[in-house]
Amino acid sequence: MSRIDGRAADQLRPVRIERGWSKHPEGSVLVSFGDTRVLCTASVTEGVPRWRRGSGEGWVTAEYAMLPRATNTRGDRESVRGRIGGRTHEISRLIGRSLRAVTDFRALGENTVVLDCDVLQADGGTRTAAITGAWVALADAVAWARRNKLVKSKAEPLTGAVSAVSVGIVGGVPLLDLAYEEDVRAETDMNVVRTGDGRFVEVQGTAEQAPFAREELDALLDLAAAGCAELDGAQRAALAAG
Amino acid sequence: MSRIDGRAADQLRPVRIERGWSKHPEGSVLVSFGDTRVLCTASVTEGVPRWRRGSGEGWVTAEYAMLPRATNTRGDRESVRGRIGGRTHEISRLIGRSLRAVTDFRALGENTVVLDCDVLQADGGTRTAAITGAWVALADAVAWARRNKLVKSKAEPLTGAVSAVSVGIVGGVPLLDLAYEEDVRAETDMNVVRTGDGRFVEVQGTAEQAPFAREELDALLDLAAAGCAELDGAQRAALAAG
Amino acid sequence: MSRIDGRAADQLRPVRIERGWSKHPEGSVLVSFGDTRVLCTASVTEGVPRWRRGSGEGWVTAEYAMLPRATNTRGDRESVRGRIGGRTHEISRLIGRSLRAVTDFRALGENTVVLDCDVLQADGGTRTAAITGAWVALADAVAWARRNKLVKSKAEPLTGAVSAVSVGIVGGVPLLDLAYEEDVRAETDMNVVRTGDGRFVEVQGTAEQAPFAREELDALLDLAAAGCAELDGAQRAALAAG
Amino acid sequence: MSRIDGRAADQLRPVRIERGWSKHPEGSVLVSFGDTRVLCTASVTEGVPRWRRGSGEGWVTAEYAMLPRATNTRGDRESVRGRIGGRTHEISRLIGRSLRAVTDFRALGENTVVLDCDVLQADGGTRTAAITGAWVALADAVAWARRNKLVKSKAEPLTGAVSAVSVGIVGGVPLLDLAYEEDVRAETDMNVVRTGDGRFVEVQGTAEQAPFAREELDALLDLAAAGCAELDGAQRAALAAG
Amino acid sequence: MSRIDGRAADQLRPVRIERGWSKHPEGSVLVSFGDTRVLCTASVTEGVPRWRRGSGEGWVTAEYAMLPRATNTRGDRESVRGRIGGRTHEISRLIGRSLRAVTDFRALGENTVVLDCDVLQADGGTRTAAITGAWVALADAVAWARRNKLVKSKAEPLTGAVSAVSVGIVGGVPLLDLAYEEDVRAETDMNVVRTGDGRFVEVQGTAEQAPFAREELDALLDLAAAGCAELDGAQRAALAAG
Amino acid sequence: MSRIDGRAADQLRPVRIERGWSKHPEGSVLVSFGDTRVLCTASVTEGVPRWRRGSGEGWVTAEYAMLPRATNTRGDRESVRGRIGGRTHEISRLIGRSLRAVTDFRALGENTVVLDCDVLQADGGTRTAAITGAWVALADAVAWARRNKLVKSKAEPLTGAVSAVSVGIVGGVPLLDLAYEEDVRAETDMNVVRTGDGRFVEVQGTAEQAPFAREELDALLDLAAAGCAELDGAQRAALAAG
């Protein structure tokens, strides 16, 4: 069986990580997984939200959104509708948790980093591209904060890297990094967030069309682990290039 | 190691499923997992949302909410704040997907069932109790719809049962069905939704404090599978008692 | 003439006041007027709203809401609609005013009690059941605040009891404590809130179908006064039982 | 005892009813009770809300609002806050119910009249002035609808007149038509809506500072009845002048 | 060619500026440009918004709104819709900027003046009438603030007068101060805000039906300048009359 | 006097118009005016808004927004705040009007084109860049609609080109195409929208710090006209390149 775009079942789409895409943010990355394109910016501010003040600890949070015509059919703006949809909320929370899992808040000190992940073009896997790109933007922002004396601790605020990929079962076959056309046909769909050293941060598997057996789950986890290892390499390469 | 309430690591809290708790809904269940108490009502209406009209297929959806003082500290009402929070959205969507995974929409015909899951008292595991109770309310509502000639197909609209349980790693030990105090201390937390015949519908694992290894993930899945099997029995017993 | 449920014109439905229904709140009461069932919880917090700080006086407020399927037909959630309806606002304000009428804010000290009245099942008279139950929850909460040294004054924060009942003219006959079916057919509908010592706190009479004469108003007030006296007894009994 | 402005206890403030104040609406009245000034406009449209279509019956509804600086201190605009307050909701509903109590919807036919009552200047009694003025605007609008063939029935859509006044106990003395300064000092406050033929449409009494006895309630009702009779005369005179 | 109401092309409608229309505000003006009638009130409060505190400078801002039936057809209330429309925002901002252009914030000191411009009746040119009337209300409010020692500086907080008028090309002819019927037929529409000493504060020209040439633009600016000069005279006369 | 970036007073920043930047929209342009970068996408749908149905005429509308970190300091998302700000509303309306001024709706037929202008990076002049880029995206979308038989008329739906530029007086000198740093220091600021054949569509001049004389206005208009002529050339070149 061959995939729409001719990839092997365990092959990622071409991944591109462009650092410094925008001039204002402390970190900014335009990340592409194939035709999926997400602009990730990291904004550093001194201070933390009220509930964390005086703790000596920092905070990292994220907001995800899609431009109205990032998709094949135009969607309404959430600002115009006056409310954020459940899917947007869910993904913003997922990105934030994923990045916080590799952050040492004490080392960060009382600083806040906000990651904005805006999908400029969507073709499946926007949330996993967002996590993968946002981590690089976060790394740049933390380095900026160190250079500008906002981070004072000797310890490194980032305890490791984090990347994410989607996997799914399409026509009975487990596939890595689903493009949109594959995603809509998937029986089961899973997003996996993994650290650079091979541990899991999030595993979210959903039976889209049919419940899945334990063996299928295991196969998907294997596929995702290999994909994340590859993404981890791309992240390192991007940071090294800088 | 013994748990707060003296349970074994693989032991559920006492589960109670009271059918017919309210007089108006077509199905209503007050479900308890220990001190967690959720009122699940199923409302049947003829017809489906606009986007599904003329398809010959029905629809099942869910809304989850918490009473302000279901928790230890009073929370603001979402109606007063004028917006639904991300967590509420996420759980409502999870419950709806879980129930749809065992629904044959063609057999249901153009009818809609709305499941309202209102947490009257919270002590951990509210979403898993909600799914487990909502399925029983749904079963009663579907039977009502059959008796009242809204369901005309010979096929059974419910293709199986579905139940859910939380598992987590606390102090390095995998535990089943976390109470609130365990939940806040968990390093890793996972919600698993499973069909009566042992397949997975949703697997959502999150590293709350530390990323988790593949072996830990496997241990949690085993624990959850056993717990769901037990809940499946409780659901059958409740329906049989009717 | 006999009523739907066989009651005499001046007879209340069976009243049940279950204290301590929930484990978290400082006061919690499940009150039933026949099939109308309202969960009233009282939450005590130290401190008062900004506009009252430094006054040495406390505050009591209330929020009323209905579960979506408390009624015969499912209603939309106000949190989903993103705004609270006029009826909900009106009733929340009525409950708050009623309880404040028997509160000595100076004796309460700078503490706030929030009464949440959530209708689990509706069959007419939800606002009057809510007031009657909320007062008992408030009494328990004030006692808790005294035991926990939040209330320091020697004076008693509650200057008396308060209860409420609906009355109406149905088919030309004044009736006490209308059930839903009576309520929709009523020509005139009145809610009366009365103190334990027989004075009025609120009188809200509305001509639903026909304006009413002064004699009718007088008859309704008599009926309500007798009903409230009986409810006052039920409240005392419930508190004594504790 | 003499009142702030020298009135007797049972004396209304000067009442002015200017018809035709605005050129666009089908009925428009600037009503003044002393310094309280409310612009009441009646807008007639063919057709009724969706839930009433095909019934052959019309509809009357009202919206009340205050200009931000109608009061002594500027209040925030509800449009800016993005939500309508409970008080506004309550009063809008009261005005609507009061006018519907004297409307024969079958005679009105499938037409809708919206009454907008905007307080230009507030000095107590804004809701009672609004009801009193709105009824005159409604009468003009109904006459317009008859002239323009929207009302076809031979029956008169208005079955009678309706007016309203506030009464209250201030310093132990029952007073008619409270000005703002009296209102804030009132122990008890009551709004009474009455038909031209002397029956009650709404009675809303509230213990602001102290519960009230039955005799006090009776005295207030007497006072209000006399005040409304006088207002009824002013309404007739205004209509006759046209 | 003669205009609907017989005016010459360069003739204003009758302008009326009634000061002190309301009793509560520090400045209040009912301004009429023909049938367009706007109530402008100025509210003074000590202190400034948070972002300006400690600057020693004051603030002036404005809110514009229309009563629902100010227009020929009733419009929905923005408070009911829960959001302010783009047109309202635009005009509020325009009024605020216009008044700030003639305010010396240092002379005003840390005081805030809010101008509320509520359109009671609309017949074209509501924003220009609002600016013209609001400036007079502002002048009264500033004088009040001086008398009440809120303004302490010797310098005059108002550096000059400001007024506004609409101009447009209708049927190829440049006209001054368009009434509603002219406005809807205009090919080009322009609002001009000018100081008393003849300089421009705002020029907003829009091609409603056809792009306009530079010569047309020049003709409109000439017409507007003359109109504003006349309005400046009316403002001075109104203030002198006080 | 030399400008920050060394430009002459009448010199545009480098302008770049990249067509086909996104794969989904019917027209998409990434436009840059120096460091200001706006993604303009045009979405074509068959049919028109309800109020225009059956007219035989199409519709063109626009929505403008900024990514949170497009600016030097991160701004809150309007979707998170739950309301669109006045500035956003104003600019969206301006873009829509500008494009409609060169559209023949009858030739377009009952089709709708929505222009989304999302500012990816801001450095002054975002609204003028948006108009300039959106017109090119619109041209591509109209061509697409013609190729796909949605446009059936022989007449060309676009009656001409439209572009926009900002001008302002900084330190007494009229300058073309202000960068952000110039914009904040400008005494007067003007946005001019002009057709390809040299007529005006919008002229919006604002005295930011000091009212401006007629001669200054004239100088700014001359400068803007020259700038727009140059932009018109860039638009033609971009379209020719396709």
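By written order: A, B, C, D, E and F. Residues from 1 in each chain.
Assume a contact is a pair of C-beta atoms (placed from the backbone, for glycine too) under 8 Å apart; a residue touches a chain by one contact, two chains touch by 3 or more.
The chain lineup, named per UniProt: A, B, C, D, E, F = Ribonuclease PH.
Since we're looking at a predicted model, the values are computed, not measured.
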item: Joint neighbours of subunit E and subunit B, given as chain labels; value: none
item: Any chain in contact with subunit D as well as subunit F; value: E
item: Fewest touching-chain hops separating subunit B from subunit D; value: 2
item: Rotational angle, Cα trace of subunit B fitted to subunit C, multiple of 5°; value: 180
item: Subunit C-subunit E separation of Cα centroids, rounded to whole Å; value: 51
item: Gap in Å, rounded to a whole number, between the CA centres of subunit F and subunit C; value: 59
item: Between subunit D and subunit C, distance of the C-alpha-averaged centres to the nearest whole Å; value: 28
item: Two or more partner chains touched - positions in subunit E; value: 82-84
item: Complex interface listing, subunit F residues touching subunit A; value: 22-25, 28, 35, 39, 41, 43, 45, 63, 65, 67-72, 74, 77-84, 88, 114, 116, 118, 120-122
item: Partner subunit C, residues of subunit D touching it in the complex; value: 83-87, 89-90, 92-93, 97, 101-102, 190, 194-195, 198-207, 210-214, 217, 221, 225
